[in-house]
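Two complexes come next, and they have one chain in common, subunit A, joined by subunit B in the first and subunit C in the second.
Let's look at the complex of A and B:
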């Protein structure tokens, strides 16, 4: 924890390595989107390059390849990062979807519609963040595989290349739109962070925002700080907590099937919030 | 008496006018510029429908010839009547169309015979575009020389493109006629330059091949899929290193020529499924292409008109080639279907994801506003 300003306390949200990975991905993806869509550009855009069109096209191709290779490299690095490093493992474990996310979806939507007083207390990563993260995994796998196919075009049947290019374009379009509608909104236009969430630069999150958007993690961190935690919990990345969540869910469901409410379940959380 | 007087006067008038009329005839023999030097000279074509009432469908013909520019053109050394045979009276009625196979009065220095485009015209007749080689039953719409050789009327830009006055000085060290060396040099230079950019080639070919009506008349697919290919996208940027129509359908490198262009169904055609790989492997293209790279169906199938692919009218088809045709059609349809499914999958996925996001974000904004309102009312 850090205290940047007099009144506001700040929590660490992104480590330097994570910020670096993010920045590299932002730059390479932006370049990929721009240079990729130049292939689909309308005639008037192409005409605006005048006689330099072929040079532009040549540059476009190489920037796309270099940016693609960079993005691939950072993805490969990320796989090692989540497998090997401690903070990577913690990140990965917290990103794994769990039953509580479903409850969060339900409660958050009810809150937004006005049926609940308060936003549910969400953990380190809430469901949309998880969705975005896993979309990058799936999306990147598709664009990297098809991209490599298109780069080594001589090795594949022409029909495979047409399939690859359909997937490449489709996935790119999906990703671009999702970034604009999903991610850019969340970090720029969201009422809490407008005009820009600076977490990706300094890695910090304000106490207010932490309370608002990651209530559960906030409480845990607070408990550790105040020394009121029951059994020395870690603020994040606890595998046991993930397993617990699944176990609780199963216990709860089994209990419901038998017709009686489970012991330590989501029901409890609903009561807490109400 | 008055009758005789009238006759005498008429005869005298005719005798007086005769030398002038002869001189006009003489001008027609050798001096076309007499009339064609006037910039205003021209006419409108008459259309079959209604020439007078429908000016929109009339084509303007400018019959003005600028002497200097004509001399600088491809055919600048040839006199008008070398090609426009049969022009011997005014107005020029019943003149046959210009035949490019006509023998010129220019001598071909390689064989010292009268030069002619006859060889190339004969080749062209045997090509798939020509009357002898075409598989179409209706030969009326087939292209002729001038449909592709839409040469600019004058090549005024040749000086700018050549820009090699110094080079000509070397020629003129030995050759005495400067005009001749210039012409010869330009001829060689033009032959070594690409006549058209890839963009122009595509524009030229698609003038007919993207005309669905005309293609249907000849029982052919119209080409609509090409603009979706990566080749087309690169060409639209002005990239000259990627394949245009002719690089695959008539590659000079492999000994083909646009004048001897063949149907993809022809077994000796560079686009026939058996030969496709060699065409792809041309120097400067996909040189490392594996055998399977050339497999598959069409490189640029026409999405809407795929069902047409299988129809053939030719009497030359054998059972084997008909079977191959059927397989090609089935493959093309299958491939189009697969691509179609992928595109549909992404369309649905994108619609779901994006609308979901938008909905969620709108709710978010709604909640934030509500919160703000509540806060304000609390403040009061």
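Let's look at the complex of A and C:
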């Protein structure tokens, strides 16, 4: 927890565009959660508005729609961002799940249960971050589609509206709990970052945290900085590495089926760390 | 050194308290959301029991609806003895056109005489609307009961030279005669009789928003409503609701 010492080096983790996308999503999602759950509010809460109840709930509806449209817009923007821009493509490639993630899950859980000495060295995004990211894609698809259905209720039979309503509330509940229990813990209450991970503001990550949570990327960046990289690799977003990872996995599995040790076994990987 | 260390401790303590409170708040929100999603609603999916407040209501509803598959034992008796004869041909639930609003109209038939909305406005005579007791036909002086169930009907009364007459009964003699003799009439005679008895009816009846507005069709205070209820009935935006929405439900959220 000495992250602000003067001699600490910092790495870029989030670009300005990514930070802007994040903050827009934070604000719109917070508004959506508040105005959405107002519909479920207890009677005494609604009664406490008194004569302003109608006005408050009229505003509630509009704020929910505006925030929903904003969240939709930022999601659409993000699709173009990952398709078109260089940093977006890099982000997307590194977010694609790979066989190593399964190994990370196994090794990290073993570490947390005390069966391993240290955490596995993880890449730019480790499996929990990938899960969170892809659950936003999954969840946003559901809430946007059902949200549009509920907004255009004129055009739908009641049967579909009921399904849409159930999905909208269900996915919102899932997302809200995931944010409160998962994300808020990870960025506020996790001992590494308590009381707050400031990466979403300044985009920087300290060397200590980088080493701790993204060991593989840290080593790669270090090798580039020191000029000791073998064949000028990019620190992140390399499609070849993703393909390699899958190829290694398949080769390894095929070799195991034939009874030979593979090229990229768990043992060789962990020994790097010593 | 000592001071700064103390300061630092106080600062971290304050931060810890702040973050702790945040944590408790978020935890409460999370618990409430889980409760809303999983345990809320008329039926508790875990225990299969209903919430206390709904228990009685649900049991009541169940006992009503489990009597017969189609609830055929439920008979609604209006108990009206001085009503108009329209229902003899058109039935108690006479509004069938207009899927959206027919239920609302039929609900209004419970306490409003057909002629209130369907009669042509007469020129040169004063028409007032009064609650008349369903059994005795006397004018009500106070409303007892709830939500339109006052044992009375709103009836249009014509005042002509100080003489008051019920507009919903004006054709009664003719209609009674017709009902008794219609089997003996031929199609042309029937058609003529029907035209005669409907000639005071308008093709453009009163719609929701003509009554439910300020200075509308009715003066709700004259109809014995309290000023508060009168204001409520005036500001009910029923017309806009019927015109704007394809499907709607009766709100109970802000009802008085």
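Following the convention adopted for this analysis, the second predicted complex is superposed on the first by the 262 of 274 C-alpha atoms of A that agree within 3 Å, B and C clash if a C-alpha of one lies under 4 Å from a C-alpha of the other, contacts with A are read in each partner's own complex, and residues count from 1 in each chain.
Criterion: a contact is a pair of C-beta atoms (placed from the backbone, for glycine too) under 8 Å apart; a residue touches a chain by one contact, two chains touch by 3 or more.
Since this is a predicted model, take the numbers as computed values, not measurements.
Asker: Let's test your reading of the overlay: on subunit A, do subunit B and subunit C clash or fit side by side?
Answerer: The answer is clash.
Asker: One more residue to check, A:37. First (subunit B), second (subunit C), both or neither?
Answerer: After superposition on chain A, A:37 lies in contact with subunit C alone.
Asker: After lining up the shared chain so the two structures overlap, which partner does A:188 touch, if you call subunit B first and subunit C second: first, second, both or neither?
Answerer: second
Asker: On the A-aligned overlay, A:153 touches which partner chain: subunit B = first, subunit C = second, or both, or neither?
Answerer: Both subunit B and subunit C are touched by A:153.
Asker: Touching A:167, do we find subunit B (first), subunit C (second), both, or neither?
Answerer: first
Asker: Quick one: subunit B or subunit C, who's touching more of subunit A?
Answerer: B
Asker: Considering only touches as defined above, state whether A:113 meets subunit B (first), subunit C (second), both or neither.
Answerer: After superposition on chain A, A:113 lies in contact with subunit B alone.
Asker: So, does A:53 touch the first partner subunit B, the second partner subunit C, both, or neither?
Answerer: both
Asker: Overlap the subunit B and subunit C contact sets on subunit A and report the shared residues.
Answerer: 40, 46, 53-54, 57, 153-154, 158, 170, 173, 177, 181
Asker: Write out the stretch or stretches of subunit A touching subunit C in their complex.
Answerer: Per the touch definition, subunit A meets subunit C at residues 37, 40, 46, 53-54, 57, 153-154, 158, 169-170, 173, 176-177, 180-181, 184, 188-189, 194-195.
Asker: Which residues of subunit B touch subunit A in their complex?
Answerer: 230, 233-234, 236-241, 286-290, 292-297, 299, 335, 338-339, 342-343, 345-346, 349-350, 353-354, 357-358, 360-361, 363-368, 370, 372
Asker: Along subunit A, where are the residues that touch subunit B in the complex?
Answerer: 39-40, 43, 46, 49, 51, 53-54, 56-58, 109, 111-114, 128, 153-159, 162-163, 165-167, 170-171, 173-174, 177-178, 181-182, 185, 190-192
Asker: Within the complex, which stretch of subunit C touches subunit A?
Answerer: 15, 19, 22-23, 26, 29-30, 33-34, 36-37, 40, 245-247, 253-254
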